[in-house]
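To start, the structure under review is shown below, and the notes come after it.
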Amino acid sequence: MGLKEFIEKSFKKSPWVLHYNCSSCNGCDIEILACMTPLYDMERFGMVNVGNPKHADILVVTGTVNTRNKEILKNIYDQMPDPKVVVAVGVCAATGGVFREAYNVIGGIDKVIPVDVYVPGCPAKPEAIIDGLYKATEILKEKYEKMGKAEEVLK
Amino acid sequence: MIRMSEKSTIPFGPQHPVLPEPIHLKLVVEDEKVVEAYPAFGFVHRGLELLVKKKDFNQMVYVVDHICGICSAMHGQSYCQAVEELIGVEVPERAKYLRVIWAEIHRIHSHLLWFGLLADAFGFENLFMLSWRIREKIMDILEATAGNRVIISVNIVGGVRRDIDNEQAKWVLNELKEVEESLKELDKIVRNNYTIKQRTVGVGVLSKDEAYKLGAVGPTLRGSGVPIDMRTTGYAAYKDLDFEPIVEKDGDTYARTIVRVKEMFQSIDLVRQAISKLPEGELNVKVKPNLPAGEVISRVEQPRGEVFYYIKSTGGKYLDRLRVRTPTFANLASLLHMLPGSSLADVPVLVLTIDPCISCTER
Amino acid sequence: MITTKEIKLEEIEKEAKYYYENGYRFVTETCLEEEGKFKIIYTFEKDYQMDSFHVFVSPQEEVPSISKIYFAALPVENEIHEMFGIKFKNLVLDFQGLLFLGEYAPISPQASIEIMRRDKGDKNE
Amino acid sequence: MLDMLKNVVSNLTHKPATRKYPFEKREPFERARGHIENDIDKCILCGICQRVCPSNCIQVDRKEGTWSFEPFACIICGACVDACPTKSLTMLREYRPISNDKYVIMQKKEVKNPPEKDKKEGI
Amino acid sequence: MTLNEVVIFIAAVVIAPFIGGFLSGIDRKLTAFIQGRYGPPIWQPFYDVIKLLYKQKLLVNDFQVFSAYMYLLSAILSVGLFALKADLLMILFIMSVGLVFYIAGALSTKSPYSQVGAQRELMQMLAYEPMLIFFVISVYNVTGSFNLAQIMTHGRLILDLPLMFLLLGLVLTIKLKKSPFDLSASEHAHQELVRGILTDYSGPYLALIHIADWYEMILILAMIAILWSQNLVIGALIALATFFMDIVIDNITARMTVKWMLAFSWSISILFTIINIAYIYFRR
Amino acid sequence: MQSNLLLLSIIFPIIAGIIVLFLKQSSIRKAFIATSLGVIVLLSLIMLATLKVPDIFNFPAYYNGMDLAIKIGDFALLFYVLYISFKIKEWRATFFAVLQLVPLIYFEFFMLKEHEVAMFFVDELSIIMNLIISIVGSLIAIYAFGYMDHHEEEKHVSPTKQPRFFAIILVFLGAMNGVVFSNNLMWIYFFWEITTLSSFLLIGHDQTEEAIKNASRALWINMMGGVALLLGIIFIYTNYNTTSLAEVLSIKDATYILLPMFFIAFAAFTKSAQLPFQSWLLGAMVAPTPVSALLHSSTMVKAGIYILLRFSPLFRGTLLSDFIAIYGAFTFVATAFLAVSQSNAKRILAYSTVSNLGLMIASIGLNTSSAIAAAILLLIFHAVSKALLFLCVGTIEQHIGSRDIEDMKGLINRMPVTAAITFIGILTLMAAPFGMLVSKWLIIEVAANQILISIILAIGSALTALYYTRWIGNLLSGTYFSQHSEEHVNPTVGISLYSLTAIAIALSFIVSILYNMLVMPQILTMKMDVVLKAVRGYLYTPAGGFTIYPIFITLGIAIVLSLISIRKSTKVVVKTTPYTAGLNYIEDNGYNVRNYYLTTFANEGTLTRYFNYVSIALIAVILGGALI
């Protein structure tokens, strides 16, 4: 295995997850936490919940965007180094779900930041979240390959 | 010579790994001692109370279920009880018992979840894993009986939507037995671990009087020795079940932990009682699509304490006003009272000691 | 069904003090909009028995805060201030109407009567 | 601390509790609410599902004869399934697969032709 | 420096991170098993580090770069000098130089978490640096030398210094950022400081710090291993056993507070040192 | 010729100082001072090159005149002290002045039998001290040109008091040279008292209420030290009938030497501001910064160390020596503790000075050849680095108007040059491979079989690292988005800062040469076996060794690598803001960590009280050691 392949594999094998709760009802949050627990154990895939955007590769967002956390979400996204992937967990993160008619809700998170993977469900099941994160790792790898090319162009 | 007028300000949240939910505390810190704490909310505020104008009272059941994923069953129950009282329908007995069963299972789920998060807050990863591992059994029970892991949406106006048949009831009891075994282990760990005691005993002390005056509810109040438990008012089927509110005297985080651990055993006991007394009958009664005018207050004991529903109708399909005072909202005052004077390392513990549910608080 | 007694705006603090001294626990305040006026219901509890009173507030009036008597009233009153635009006097901790809502959120969203105006943002975005 | 040590030892001597998810899939519970499907043949486009849906994710258009559904707004409460008079709506136990895009499911009712399913992207 | 020494130096410096990464992989795997789950593959730390190395560089200021490099290089130097059997006390001092830069780098960003984390790391340094020096001094009292070459001729130091061995275990716990001393940068579970001292180090620079941590871990393990220098295999086994014990302790305790740590570590270390040295004299 | 040089190095500064008093024109005065300083430096360098030491130099032609002048000077000085102590109503100073006057009269007129004593006793230690005094002192004085102009402008001092200021400084330099070169103990006593007086005058230079208060405190505490020194000399004379240093040092029968040694040690403690006398040094920080740098960190306080080092062979291997070691170690750790709770940069430096002096005293107390070597090395490195740091703080204070390290946050953006120099200065004080740390390493190794001392030293060195690291972090904090500004360094300030930095680094770099050239001969002079050897940056004893060049190389590699890394990544790097939990980052008035000084652990006031009690007890123990 050459170095290049190893690096690419590393991106697939070591996704660090940042979880941000926008304004969800906790349903999806506790399912994401459940993914870390022994029964689902997402660390098997090298996923660690890091809590700090500067270390994260995958941003997992639950819940809808409201007027106040819009900025926070944007800030967090901006503080993540490339390559980065955004996973929207639950229908609230996708469209706003049952809350979308409420006055303080802007809608899905794709109104603020680009989303790569949508995980449906209310709340999304841990299995579905693992599926989504796994898919995100693949996208992460692709993005890394693209990023390498972009850097070469810059030189 | 240190200019003490200038103190550290540390933001705590909105994006913070200790807090599963976004709140923001601006902590004014001296060394690592918190001097003042200014909270800021609104990161979860959606404006659900106003949705009554857009969704009819039947649809609203699902909306209030989504106020919070952790106590959703009780939100639905409380709302349904209020509407039922407004309309004046009598819910079938079986539905009442089923509501109790689901509510109590939900309480175990919530307390275990909280326990895991508390362990996480004081950095005891293994305990977190342990309690969430036990919790998965409860989640299985919920999924098997109600169809969904977290938001079970079983309550509707007029009764419940799902049934627990005898076979399933037996299975539930069996599972609960295993849960009880694991809980006993958990109980031992909490009582005997030196480091846990170091981190919880004497942290966030609320005296009996303070807790009462600050309007604290639920385990926060009962941990300080005030036996107030809404279930003793006998809504649903609680009037037929045998239980006593659990009270601890010390009023610190450790006492509240013990209250919650004991409540889990109590809940298991209540589920057993309810299943053994489960009467035959209908699951729900049909209700008319239009509401009479009037206003009703309904209170239900959630895992975090008493939830207060106020509904007002002027007739028609839509409610006029829905007002939810959630337990965390009532406990905020206690939290703000406890934070100053604590150490920075204890802030997560203190935040978790009231078992905050911000999505409840902000709706 | 609940019964409440109506009292005057000025008597709120006196009444709250009465409840405080008689060992009542503060439950909550509920704000409603009735016929162009706001109605605030104060709810207290003792031994599982709720006791309430209410006041009517016209849009321009300021309500005396009871957060000095019952600290727990603080979040509620801030919320009412924010959601309905009713101003409270002597709040222990005043969020200036920014408890829950962001800078660009609709203003006093739960009231149809507009009292507050903010420089930024519109009533309904 | 010894009680915790007991737990550690028992964990070390027993097999981990992990469900090896993508490799071994667990059978969903019988009552599990996964996602809803509409059998358009049975559907009479009555619109009751649209009325009971708390999140307004079902749109029934009688004139066009379409039944459209936003899977990324559905909260899977099952109210529509309970209310459906012809049982054309069914709750399946498997959860809906993840996707890179949001889509809307649009089903068209045509009496003679076999039902046509198409997925349309974007909302 | 002879050619032979150069070879040893380079070999140690090259091999150490691999062992370190492998051990931290074992650490994660073992922790997972203790918690009743499978955990990541053994090679996970390498994946992590390689990934971090090739991530985008995200910087708050230039000094961070220097401090990350300095931390790594001084760790490398101390491990290399250890392999050359140099003065033990000097090795500790060199290690602490890197640490100073590491902390200053974290203090130099204005993130409150990073700063408080750095302050706590200083407290941790306050807790374990004296312990390490006590260890070295006790070793001197037994062997009469600070030079590793001479120390290692002694053979079975652990029999003379049983309490110092325990202290080293404690240092390892602090150094590995394990509970109950997981204060400055929550390595496990979450804490009030997000990632504490590491908060503003990101991408490649975080990777450098991880590698440096491996070196330091190896250094401390090697110090434990020389307690049985008669047969270094046994020494290594003792070190591994200590490592295992630390993982177990991590899993049966909660995180404590800074005050507690300082009080505990100072009282324990001073007490142990005095008792142990008294024991040495008594045996003579 | 050589004794001429010695005499000149004492007399010349004093005369130059007196001349300065009458030079009113600023530029002429500065030129004159600069020339005199040049002469002083030149003198010291010539002496370094030509003097064959150790030796006793005599210059009989001038002896009687000098001796008489000094005797008259003694009384004049004491009466002057009496006068000012009356004037400022500092009765304690009066008390101690009288306490000196009475024995002095008795001693001079009734006890002392006239006999001629050699004028100068010079060995490597004297040369080292002289070099420090001349070179560091001159650089600080040069720095004061720019500083004092700015200072007077700020304080609106008119007419200028600079002649007085520089005069005292020059006189002080001469007096210090007198202390280190004199052979007659009474001369040492006289020059010692001159340093006390000039310290008093310079602390009170600004004539503010606080300055006078602190100056008077410095006066009475140092007068107390003077009493002790005088008593020590009298005791030596009564027992051994000599006031010649060379003769005292060659005393064979040491039965009666310990009590006078205690008094001399006591005098050294007061001069070096050891616990419980540290308060005068802290108070002295109100003086203009060059004064703090010159008197209160690099030279005058070293007089205590010098005198203790000088007499250390006399109490080698005694209980007194061990107790002194414990006392010094205690001061080291206690003041390091106090420094941790400080945010005022000058106070940090003051405490750290006391702490380092304590370390030196501890190593003198250990009194083995390596320990003495370590003490001398510490003396050298500390003088240079501390002076540098004080000057940096002074510069910073004049720019940002504060000496609080909290206000130094992001200084690297506002004053890049000074901040960088301060950073280097701190590094030379605390980190390997610089001389301070090498000496510390040596002390710990030497102390290793004295378990109590080594425990204290271990904790103390960790504490030292703590407060300096924090300061570095504050200095260098900043983001790419912070406001950057250029810095204009005043030329005279620049000269001294740059050269001190260069000296600090170069001295560490050539530590082995330094050791072989100056320190090792001194050890031999003191009739000890040399245990520590130094070859090409490798200092080693049979028990261990410290090599510095690999660390220098590491530093170099780190600098190169990071430069490459930064330059290479300028295109792809993303400049980001610090993490603040997702909130918007605000540069000023945003979230910030301030005042993390462990005040909840360590309250300065109460701690100081307890430490003082302990140290008084320890001094009593030392006295006990002397009496047994």
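Quick notes on this one:
Per-chain residue numbering starts at 1, and chain names A, B, C, D, E and F are given in the order in which the chains are listed.
One rule holds in what follows: a residue touches a chain if its C-beta (ideal position, glycine included) is under 8 Å from a C-beta of that chain, and two chains touch if they have at least 3 such contacts.
Please read these numbers as outputs of a predicted model, since none were measured by experiment.
Between the contact lists of subunit B and subunit E, the overlap consists of A, D, F. Chain centres computed from CA atoms place F at the largest separation from subunit A. Top contact pair of chains, counted by C-beta pairs, is E-F. Between the Cα centres of subunit A and subunit E there is a gap of 33 Å.
The distance from the centre of subunit E to the centre of subunit F, with each centre set as the mean of the Cα atoms, comes to 36 Å.
Measuring from the averaged C-alpha position of subunit D to that of subunit E gives a distance of 51 Å. In whole angstrom, the spacing between the mean C-alpha positions of subunit C and subunit D is 42. Counting partner chains per residue, subunit F has residues 572, 574, 576-577, 579-583, 591-593, 596, 601 touching two or more of them.
In subunit E, the residues touching two or more other chains are 32, 34-38, 56-58, 112-113, 116, 190, 194, 199-200, 251-253, 259. The set of subunit B residues that touch two or more partner chains comprises 8-12, 14-17, 32, 42, 45, 47, 50, 55, 62-63, 66, 126-130, 133, 148, 151, 193, 195, 362.
Contacting chain pairs in the structure are A-B, A-C, A-D, A-E, A-F, B-C, B-D, B-E, B-F, D-E, E-F. Residues 56-63, 65-66, 69-70, 73-74, 76-77, 81, 86-90, 93-94, 96-97, 100, 103-116, 118-119, 122, 125-126, 129-130, 133-134, 136-137, 140-141, 144-147, 194, 199-200, 204, 259, 262, 266, 270, 273-274, 277 of subunit E are the ones touching subunit F in the complex. Partner subunit F is touched in their complex by these residues of subunit A: 20, 52-54, 71-73, 75-76, 78-79, 81-82, 151, 154-155. Remark: subunit B residues 55, 58-63, 65-66, 126-127, 130, 133, 140, 143-148, 151, 153, 161-162, 185, 188-189, 192-195 touch subunit D in the complex. Touching subunit A in their complex are the following residues of subunit C: 100-106, 109, 124-125. Contacts from subunit A toward subunit B in the complex involve residues 19-31, 33-34, 37-39, 49-53, 63-64, 66, 68-69, 72, 76, 97-99, 101-105, 122-123, 125.
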